[in-house]
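What follows are several structures.
Next, two complexes with subunit A in common: one pairs it with subunit B, the other with subunit C.
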Partner chain A sequence: MDDALPLTRRMMLAGLGCACCTGLLGVGEAHARIRPRDMESLIGPGYRPTAADERGMWQEYERVEQEIAGSNLLVTDPNLVSYLKSIVSRVGGVAAQDLRIYLARVPEFNAFMAPTGFMVIFTGLLTRMRDEAQLATVIAHEAGHFLRRHHIRRWRDVRRRTDLFAIFAMGAGVGGAGAGVYLGDAVRLAQLGTILTLAAYGRELEAEADAMSVRQMAETGYDPNAAPEVWRQLIQETEASAEMRRRRPRRGYSLLASHPAPETRMADLRASAAEVRTGRESWDRGRERYLNSLGTHRKMLLDDQVKLNDPGASLFIVNNLASDGWNGLLRFYEAEAIRLRGRREDRDLSAASYAQAVTFPDAPPEAWRMHGYALIQAGRREEGKTALARYLALAPNAPDAAMVRYSIQQ
Partner chain B sequence: MTRLILALFAAFAVAGCAGGGGGYGGGYGFNRFRLIEPQEHDVARTMVVRPTIRWNRVPRQTYDIPREENWTLHGLPLDGLAFIGGLEDGKPLVRYQRRRDIRQVPNFRSDMTPPEIASMIESYYRIRAGSVSFTMTGLQPRTFLGQPGFQYDYEHLSGSEVTRQGRVVGTVVGGRLYMILFDAPKRHYFPEIIPEVERIVESARLENRPQPRS
Partner chain C sequence: MIRSALVLTVASSLALAGCVQTRQFADVEFAPPQGDFSLLVMRPYVSVGQIQTGGLVEPRAEWTEQARGFILEALRQQQAARGGRTQVLETREGVQGMSSDEVAEVERLFAAVGNAIVIHRYAGLTLPTKRRQGLDWTLGEDAVRLGQATGMDYALFLNAQDSYASTGRIALQVLGIAGCLVGFCAPQIGGGSQQGYASLVDLRTGEVVWFNVLQAQSGDIRTREGAAQMVDRLIGRMRAGRNVRNRDND
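This part shows the complex of A and B:
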């Protein structure tokens, strides 16, 4: 079945990976900040393209959207999806009713806007956001690409400068080729990689989308300060991730790719946020709404992240979320990240975190299991068995219940 | 196991600026599979098993860890049977993992608890095969190689968006990890082959000769 899906997560990742190779970062270069008030939408409601090149681009992306809509990577929980749609409707400006949003289960900080008005956001984004305002700023940024017609503007710019190759003809040719698995994937990777490389808009268009997002945030009552916050978090996470492995941060990574230099960008976002944050006293952060809408998905989100054993990033994410207050779930995943890191001292450190996790009423049952095993390993067998029994009481149908029962009997 | 994972991973990472996976292209064309007849075989230099049907032994590759051997019935990555023969304390299930890699498969430690071994295998799939959704469907005690061990069952969505099913039967003997791992698409292939895998698991025993040194 996967062979019938020309667009997959691999390709999205591959395409975004290619975007990181475009080398559009120009650190330290002088530039003028784009002011939010100058950012008017270039389209109206119900926009449809008329020029031949843009119509061709739409055709291609309409096909891509069909494929994405059928991907089994999508998170389809109707409550969560309708929540995301409500944010899109709020910050989508004149296109609010035209925009579509898909949530793909990929533990990366990334989002992607298609020229036809559909947006793909990765679950890794939801993992990292502290509240609805933070999520809204990314969604507003992506919507900004649509409102400012960035795809076609970028495409025409590229065409002017280089006679690339006919990517749309190419795209039409390989979709249903049904070649062998690997050849097929390689061909499709190339195809979507090309398309998504175009989605690396370059500094100016990214700066436009930033300014647009700040404007949309302010106009819809979201705290515009969420915008610089999100970028600060991403920069700090990238640095923490690299530092843990003693290497230099990859600045071309993820959403930072092809964007203005992170520090410059943050300064611009701060200035823009300050500019629009006048004349209003209270701003919406939507933290409760956000957490309620994530519901039990937050556990899955953290699980997907922590199991990647990128402890620098995972611990940064957990600590950043915990700046709004620790709870059992966050403590448990702190412990998991430390345990997976696997340094000599980490056994004791993770044991201490598991022990803390179970003091919270919302501790996931797994915290009791890991706490129990940690106690047994530390020689506190009876206490450990009690904790394991607690796990079984909380999760009697757990898939590993048989193993835990066996451990209790030892 | 690494072999299968790399096959799964190849398509996932080819153009992703991530490196890795590059060893796949053309690999099969220049290496020879060996037919495994239904009789007793030494596997991974440490265990003896007796399949009841013909299998194919996957040629060794430079990125296999020293302690592994891979078989397949229909070809990789459709189905893969991996034998891990005595992974030492402090070693990972993968080769070519650098200390500076951002995402690392945890090293095996001989004092790992069953959920820790399960979690190590899960990270292995998530990091090396690009599996996104990974769900434990069972973890239970099971005798393996005549020793108390475990059976770990799981499902995952591979990098190529195929729902796959896996089973690992393993044990730690003398501080070393011995495992037989089977992974195949959930539809058709897993249920078709698992009875034979079970026969192989049941037939497994440690070789009598001294275990190879690190």
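This part shows the complex of A and C:
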């Protein structure tokens, strides 16, 4: 949920570039968790902006939405889209009927909210989520940005601070020159202070959206524990990815970060979830609904992930999903991730996984093909040809059918 | 957004000495449309904003709407004076016989091709294979299909941005210049400015036949006269391609 405020951010950077920026020190950020109960919605249903700055922002974003709605990256399967809409209307609070959602085929963990009430979520989220409650926490977070009017609040904060800095810098320049004192160092310090406080405010808004999401989850019966889980999964995935590459994991935290560190978010979400998880016996996870709605798309999701050539992350994702039970699809993609990793031992390791995959009734046809070739490589030609024949029986119109037929004839 | 980034790139690549600068490129065989022709304006983008004290540009909806109306009005009059019929495509759904996705494809293709033109014609990364050849880019069959579906001769892609300094920004400019008296000179505090581009695609061949970029420090497209001035600066002074000019000179 690197929730981009893309336009705003760029305009802001452009502004910083040409104007230099301001200073109001007071950077030391005392971290305090924002409580879900304090997160009231700041808008009502059917919200429309009235102030000039917000109306200008909406007008720009209406064009952005046209662009996104017509993008060829969108997944437009009506069943899947209406499923996502049903989650939005459940956790969208007072804006439930106003929010729009678009699903973009990008295999990354990310989503963003626009000030006008449309959100874009990436397919990479659907790849990673174990159930509907986990997905709902991300959607509720994005809706939280809208309900708490984060875009315009952030814009006004940036505007105020850059204005103040420009005045301060000019005052220091002219005043200093008049008085014969050099104040350049003070100006540079103020500039740094401005940049840091801008980033800190961005992180505060993210924390608000997190708290808001926990509140919306609890109010609509989704298990609030799903929120810290999503962050635990992401932290572990990042570590697994780094370890496989023999790198140190990127902690993603600095004074300049736009978002709080994942560890901080996880801890805060855990505390918030515990706070709201009272007075109810059972919580909705929606695992069956989630898997049914993904349907055959899950294969596309895993396929996109495995092809990213990030075996640490891919294997973590597959194993995390498999903590609810292995199946043929997950085993097949485990094998694919291992094969594509291409270490010396990976031929045997992936062969073992393909062999396991085909023992499940839901194994994709490709599992039989890969299993067949693995057997042939291991010298078990007849068994291998039988497996290849099974592939052709399951996928007679596969693009590589002719090649596989040739292999069987050898 | 791609387009506004594009314009920014161009704006910074033009060395700004004067107040108004345009730089146009044309296909060597390009002759400015005259007589009985039709022009399809592809979802023109207009944005007007206010420069805050600190330098941020804040978009203003009322100004933008007003400016957009005036610009399209001026464009219609200008083209009519040359004998042209102008039709503005307001939404991607507005083309009969073409789906909105297909129209979006043409727009995205233009965004990509336009970007290449900016990089290789304006930003200094000249391609050795396209040296001294005039504008040599095409949108191909997609654009021809758009022409067949609409019956229009040309597509015009238009982007116009304008900004005005807020009171705080003006005060800062004044102070920056006044500071020169005490030895702290900051005359470069940016005020309002115009940027824009216009490009003509021949829908019979699919070729991008003309491209122009404008950068100006004066003008006000919130007024009827200012909008007409910008349309004139951007589109009013189309130059023919090299071969056409040479033939005319002979």
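Just so we're on the same page, the second predicted complex is superposed on the first by the 334 of 410 C-alpha atoms of A that agree within 3 Å, B and C clash if a C-alpha of one lies under 4 Å from a C-alpha of the other, contacts with A are read in each partner's own complex, and residues count from 1 in each chain.
We take it that contacts are C-beta pairs under 8 Å (C-beta built on N, C-alpha and C of every residue); 3 or more make two chains touch, one makes a residue touch a chain.
None of the values given here were measured: they were computed from a predicted structure.
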| item | value |
| --- | --- |
| Contacts of A:64 with subunit B and subunit C, given as first, second, both or neither | second |
| Touched partner set for A:72, first subunit B, second subunit C, both or neither | both |
| Contacts of A:56 with subunit B and subunit C, given as first, second, both or neither | second |
| First, second, both or neither for A:377, with subunit B first and subunit C second | first |
| Touched partner set for A:209, first subunit B, second subunit C, both or neither | neither |
| Partner chain in contact with A:399 - subunit B first, subunit C second, else both or neither | first |
| Touching partner for A:158 - first (subunit B), second (subunit C), both, neither | second |
| Subunit B and subunit C footprints on subunit A, overlapping residues | 10, 14, 18, 21, 71-72 |
| Touch list for subunit C against partner subunit A, complex | 1, 5, 8, 45, 47, 49, 52-62, 64-65, 91-92, 100-101, 104-105, 108, 168, 172, 175-176, 178-179, 182-184, 186, 190 |
| Of all residues in subunit A, those that touch subunit B in their complex | 1-2, 5, 8-10, 13-14, 17-18, 20-21, 71-73, 105-107, 181-182, 185-186, 189-190, 193, 241-242, 245-247, 304, 307-310, 312-313, 336, 339-340, 342, 369-370, 373, 376-377, 399-400, 402-403, 406-407 |
| Sites on subunit B touched by subunit A in the complex | 10-18, 24-25, 99-107, 109, 111, 113-116, 118-119, 122-123, 126-127, 130, 132-134, 136-141, 150, 153, 157, 159-163 |
| Of subunit A, residues touching subunit C in the complex | 6-7, 10-12, 14-16, 18-19, 21-22, 52-53, 55-60, 63-64, 66-67, 70-72, 155, 158-159, 161-167, 170, 173-174, 176-178 |
